[in-house]
Every structure is written in structure tokens, then in C-alpha cells.
Amino acid sequence: MTSLEQTCRAELVLANHILARADVLDAFGHVSMRHPERDGHFFMAMSRAPELVEAGDILTYDADATALDADGRAQYIERFIHSEIYRARPDVLAICHHHSPAVMPFSVASVPLVPVYQHGAMIGRHVPLWDSRDDFGDTNMLVTNAMQGASLAQALGPHWMVLMRHHGATVVGTGLRELVFRSVVACKNAEFQYRGMALGPVAGLTEGEIEMAAKVPPAAIDRAWDLWAREG
Amino acid sequence: MTSLEQTCRAELVLANHILARADVLDAFGHVSMRHPERDGHFFMAMSRAPELVEAGDILTYDADATALDADGRAQYIERFIHSEIYRARPDVLAICHHHSPAVMPFSVASVPLVPVYQHGAMIGRHVPLWDSRDDFGDTNMLVTNAMQGASLAQALGPHWMVLMRHHGATVVGTGLRELVFRSVVACKNAEFQYRGMALGPVAGLTEGEIEMAAKVPPAAIDRAWDLWAREG
Amino acid sequence: MTSLEQTCRAELVLANHILARADVLDAFGHVSMRHPERDGHFFMAMSRAPELVEAGDILTYDADATALDADGRAQYIERFIHSEIYRARPDVLAICHHHSPAVMPFSVASVPLVPVYQHGAMIGRHVPLWDSRDDFGDTNMLVTNAMQGASLAQALGPHWMVLMRHHGATVVGTGLRELVFRSVVACKNAEFQYRGMALGPVAGLTEGEIEMAAKVPPAAIDRAWDLWAREG
Amino acid sequence: MTSLEQTCRAELVLANHILARADVLDAFGHVSMRHPERDGHFFMAMSRAPELVEAGDILTYDADATALDADGRAQYIERFIHSEIYRARPDVLAICHHHSPAVMPFSVASVPLVPVYQHGAMIGRHVPLWDSRDDFGDTNMLVTNAMQGASLAQALGPHWMVLMRHHGATVVGTGLRELVFRSVVACKNAEFQYRGMALGPVAGLTEGEIEMAAKVPPAAIDRAWDLWAREG
């Protein structure tokens, strides 16, 4: 294993822990990152609760979501979310799929998320809604094969987050730390929007504000990462 | 005591702790499991807050909710919930009665729970509501005898969860881990439904989706159990 | 100091800690108990955040809320709540005044609390609302003298809890553990009612149910106390 | 460094930790205090998550928000909030800018905050709303220069708190402990108001009540500080 790979795996373990402690992931949901050296490949933990993931649990997946080093260990059923989005979106370097309590109400009521504060701009001007029934009718609500993953990737399109009807959400980023940050602030944004809507109409940021505010500098992301990573 | 009994008791202690930490149980509520070898018998803790239950606190009850080894220790008043449901439902191997903050609003407003996400499908297509007044008029709101337990069991019918008006809920399972999982995800489902309904109309999963999504594989349940049990 | 006094003080310290950890008290609010041997006297901590109260902080007050052993230590300004309710209600042996987040919304919106579940019956059929403006016009919103305390006691009347407009609530009990229990379950009841009302109309328990359910046996109260007191 | 300076810095570190643990600040937001000896100067941490701030992280800023001792360390982009409010308001000795979950819904829905309980009176009779679009059109939603800071200071006027549309809030005080106290109770007030409004119309305190209740004695503020500072 190269030293670059080792660094990636260590960051991915931290990302698992951070997202679990931030109530983005619980016993379920997963986070992945592109392999830095092998085209189309990506890293993701074996099937384990994110908070418990250790360096040795990180598996290497190829572009078809086949694990190269599973050695019989269980895998996340929904790994096709990751493979198909990496295939469709070369700019995406990290992905998180989750069912956070902040976002679930919007998934359950099919109400659009809109950016309502500066960091919330990172969810982008439009958060599409994927309804698995459109292409597949009744399912067990999971993304269990490449066709379903591709359908989700198509719904995501060029955006940064996609709501999944009665299921959860998937968030993408151009780097692991950016993805973790976007995933956490998207939950904050959802919570602020939910409570704001209980008080009155919520207009959201203007298009110009979203465009400018979405450019959160890496230093700000690192400031948050340093806080969130302090417990390892 | 057989080694099988010992294993059951250890699992039941863990179930008590997990359900307390997950805010399903607090100082009140209880969880039981069928005796693996004695027909109609079941295990349940003496009257003690679930979070404090230890192996030595587990009592053996017969089919009439008479403790065989209480040695004068206090017993849960509502033990008839368990005996009567085990009598009516041979398929049920574990039962949890609770007053969780997530579910109580539905009990208080008599609003039906519906599955709103994949794991929530485990509550089933229909969650009946038991109103103690129908058979017993005004009571102290507790299930204190076999007749009341049987009435509740009848309301539960073939379902997996029954709301109890102004009281709480009772959840059943075909195994202890499945029951614990169903109890926890039912609370998540209630929370998502509650918040979803504040955003707009909530349709719930389709019947086909419920049927398929309710079949959560044991590996997924074990993944959650491993996380929840990490503190003993 | 008699051994009975010492026991009382130790219980009162525990009551302070329990109520703080249960989010009934925060940096403010207070809990007192009648002196077991001296007529009209009562015990209450010096002015200190309840979570920090130690045995040496417990002061003895006479019937006019004059501390007999303050030695210059600061006292709660609102001690007249306690002296005047003890004067008006010989059956009351313990009192808690608080501004808990669960109850404050009802105080702020002047919406009546009603019992919505079995333990909630302990708040009684009627929770009166005291509006300090009725007798005193604009004030600093605190109960700072005997006249205001007496006005509050009159509003409480024969009941177990009184809401205070834009201020908080005061709860009374026939014993310290019963008071602590009632204070905690009143907050749970308020939370369940608040969330129930968001789902639909909330009828509350019937009068007959309230009368029967309010008789929570001491063993149940002790079960909760044992859980809540486990951290000292 | 004088001993007075050292005391100030130690208090400011505590203020950072207290505000973070009270959910006023998270990875973002900041708190400052005037330099006790140098006109127009103030202390504020380098760009770091408040919960992690240590004594060595406190920088000295001049009246134009230029750090005198940064030694290349990163600075909060929004430091102009502080410099311009100190310039406009000689009575202000401490400032906190935050995006707390309690206050954000009001910022997001542009709904006025009103005092709804005794400590809440400290937010004052009027909490103005600053909309960055009025003077600057679309921005990245941050206060990144002196002109924007001056605009915010003008919106604040003679008040104690200013809501910032789709951004957060800024709170000021005549001393650091008073500021911390006001910041925390403003969040409590926002939460009580939010939940009260879900129950029914919320009138808020009268003008006379606000005037009297706003005068919280230093002893009460110290009582809370002693609790909040117990973890350092």
C-alpha cells in the first residue's frame, strides 16, 4: 500500500467517525472517496456501523462496485450509489449517503430543500428529488444494483445533493473534507429551514448569494474539521 | 441453569440497556423474551429501571405472568401485556412495552403511525390503536391484569405494533434482536413522520414497498446491534 | 444537627442534582423541603446553581423566608414562593420552582396544560395560570416578597402545579421524592402535549382516569429515583 | 503583558468554551472583548473553533481590525463586525457573533424576536433585522470589510442584539460575563418563543416588564457563569 493510500484510508476513517458523531450517519449510511491513483476505483468501509469503522475495514472497490479485497467480509448493499455516481460525475471525489434526522422529514414529505444560510449555499441552487418508483415501481427502498445507482446518478445530474423519496439523501463533493462539510451543513440547513418554515414563509438565499456563498474557503472547512476530528 | 438460558439472559440485559440508551425506555417500560425451552414461559427483569438491569435481575415467568423465582422482589405491574401477547401470538418471541417521546405524541393525539422510510416498514401496514376505555372504561391507564392484557393482545391482532391511547405502545418481534431493532426504528419512523407532517402531507410507503422493505436482513440488524451494544 | 436533618439535607442535594440533570432546573430555579421537626421551617440551598449544590449549601429558613444560618451567603431572591406556599398548604412538604424548556412554551403562550398520559395525571385536573400583572402590574417578573408569594399560593389553591405567565412554573408535593417525580413527569407531559397538539386535537385523560392514574405508588417513584440518583 | 491583560485573556478563553458548550457557537462564530487599557483595541481569538481556543490563541486587534500579534496566524474574516460595533458603541465592552440553532429560524424567516420571559428581557424591547442586500446587494453573506461592519453597527443602533437575515445574529454587552449571559438567554428566549408560537399567539413581556426584568443583577450572572465554567 502506498503512503498516499494510507493517508486516504485514515482520512476516510475519520470521515466515518465525524459524520456519525454529527448525526449524519447512524448505524446505517456510508461515505466513500475515489482512489487517488486507480481510475474509477474508490474506497469505502466494509458493512459496519460508521462509528465503529477502523482502518482495516476500508475496502477497495472497482468501477463496478466489486470489492477487490473483501476477503468474504460483508459489504454495503447500496454500494452502487457510489460506483454509478463516480462513473457519471468525474468531478466528484467523495460521496455520502445518509438518512439523517434533519433531512428525513424533507424526504418523507417530498418538500424541496433550499439554501437558507451562508454555508447552506453549498447544497446548491437546486436539490433534485429521486423517486425510485419512477423507474422501478415498488422496491425494498434500497439501491441494490447498478441500474438503480445509475438512475439516482441521473437524477443528481450536475447538482451536489439529491433527496431520495422516503429513503434519505446522497451528497457529493470534490474532496473528502469538502464532502463531510457539505453533508454536515446540509443537515444544519435542513434544520434551519424546517424551523424557519414553522415561523413563516422562507424565501431562501438569492441566486447571486448562493453562487458567492457556496465558495467556502478550504481554511474554513479545515477549521471545522479540526474541531470535529478532535476525538479521532 | 442451562447455557442457553444464560445466553438468553445476557442478551436480554443488553436489550434493556440498548433500549434505554436509545430513548425507547426510560425509568419505565420493559422488554421480555420467550423462554427457549419451556412452553409459554418468558424472561423479564424484576421491577427496575431498564438501564440498571443486571443478569441477576432477570426473572422467569410462567404463561400466567407468575414469577417462578422472584423471591419477594418487586415485579412490573404490567407484566400481563407480555403473558397475554405470548399466549395469543405463538410467532412472537420478544415484546417491548414503552412510552418513548417519539411515539407518545401519536398516542396522545390518536394519530395513526404509517411507515415513512425503509426500516419504518417494519412497523407493518397497519398499527392499530388500543383504547382501554372500550372494554374497561376509566382505569389508572395501566394494564394490570390478564383481561386487560388479552384485550390489548386482541387489538394488536396479527400486527407488529399497537398504539395505546394516552399510554404508549407495545412492539413485538420474532426474535429479541429483531424486536429491539423494530422498537428503535419505529421511534425513528415516528419522529420522521411527525416532522414530515409539519412540512406537508405525508403519504407513506406503498403497500408493495412496505412488504418488501419490511424484510430487513439479519445482517443489517446485527450491524446496528453491534453499534448499540458497544457500551454493554 | 439531628440524624433526621442530615438525611433530609442529603436527599435535598440529590433532588437538586436530579432536577438539573433532567432539564427541570438549569442555572436557575430551586427546590425546597419542609423541616421535619420545626413548624413552618424549610430547607433550601443558598443561591447556587442546583447542579453544584452540596450538603454544606443547604440553609434553614423560617416561616417568613428568613435564613437562620446563611452567614452572609447569598440567597435565592424568590424564596418567598416557598415560604408562602408552605404557609398556605399544610399538606405540602416539598416545592420546586423552575423554568424548564418543556413547560416554558405553555407559560409563554398561556396555553393550559392537561394530563395526557398516566404519570402526567400527577399534575392534576387543573393547572391554574398565575399572571403577576393581576395583583402587581408590571414587575421584574420575579417573586421578590411575601405578598407576591402569597398571591402565587392563592393562585395555586388546592392544585399541584401552577403556571406562571412569561415566567415558568411551580410544582408541589407531599414528599420530596414525589415532588421530584411530579416535576419530571410534568415536563414529559408538557412535551407530549406540545407535540401531540402539533398532530391534532388533544383531549387529555378523562376525570376518572386522572383521579386513578394520579395515585402513582411509592415503589414506582423509587424505581425512577434509583435511576436518576445513580450519578449522585 | 500586564496581569490585567492576562485575566482578560483567560476570561475570554472561558467565554469561548462556555458559548460553544451552550450551542451558541459551533465551529463558527466568535466572541471578543475590548482591551481594558488601549483605546479602540480589542481581544479576539485567531481563526479557530471556539471550543478549541486556548490562551495563546488570543490576538490583539486595533480599531481597524488589524491584528497586532497575529504572526501569520489565520484570522476570522468577519472581524469587522467587532471593530465597527466597538467604534459606534462606546458603551459596548464585549461582542458575540453567532449562528445558533435557536436563533437561526428567526433569521431565516425574518420573524422578530421578542422577550418572552424574565431573562429574555435582556435582548431589549427591539431586536432590529439587518439585511445585507439593502446596502450591498448580493454578497457571500459574510461581513468581510469595514463598510459592511459599519452598516451592521448602524442597524444595531442603541440595541443589544441584531438579527442578520439568512446569516445569524450579533449580541453586545457592557461586560464579557453579561454578554455571555445575554447570548445564552437570548437563545433560550428564541427557543421558548418558537415553541410558544406553535401553541398560540405570543404577546411577549410588556414594556414596563422588559425595562425592569432586563436589569439582571451581576450575582445572578455570576451564578450562571460558575455553573457554565465548571468544565473550564
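In this document, chain identifiers A, B, C and D correspond to the written order of the chains, with residue numbering beginning at 1 in each.
The rule is short, and it goes like this: a residue touches a chain if its C-beta (ideal position, glycine included) is under 8 Å from a C-beta of that chain, and two chains touch if they have at least 3 such contacts.
Predicted model only: the values in this text are computed from it and were never measured.
In terms of the distance between Cα centroids, chain B is separated most widely from D. Both copies, chain A and chain B, contribute mostly unmatched positions to the interface they share, with under half of the numbers common to the two. Averaging Cα coordinates per chain places chain A and chain C 47 Å apart. Taking the mean of the C-alpha atoms as each chain's centre, chain C and chain D sit 33 Å apart.
Taken residue by residue, chain A touches two or more other chains at 197-198, whereas all remaining positions touch fewer. Touching chain D in their complex are the following residues of chain A: 116-119, 121, 188, 191-193, 195-202, 204-206, 208-209, 212-213, 215, 219-220, 223-224, 226-228, 230. By the touch criterion stated above, chain C contacts chain D in their complex at residues 26-28, 47-49, 51-52, 74, 99, 101, 104-111, 133, 137-142, 166-168, 194, 197-198.
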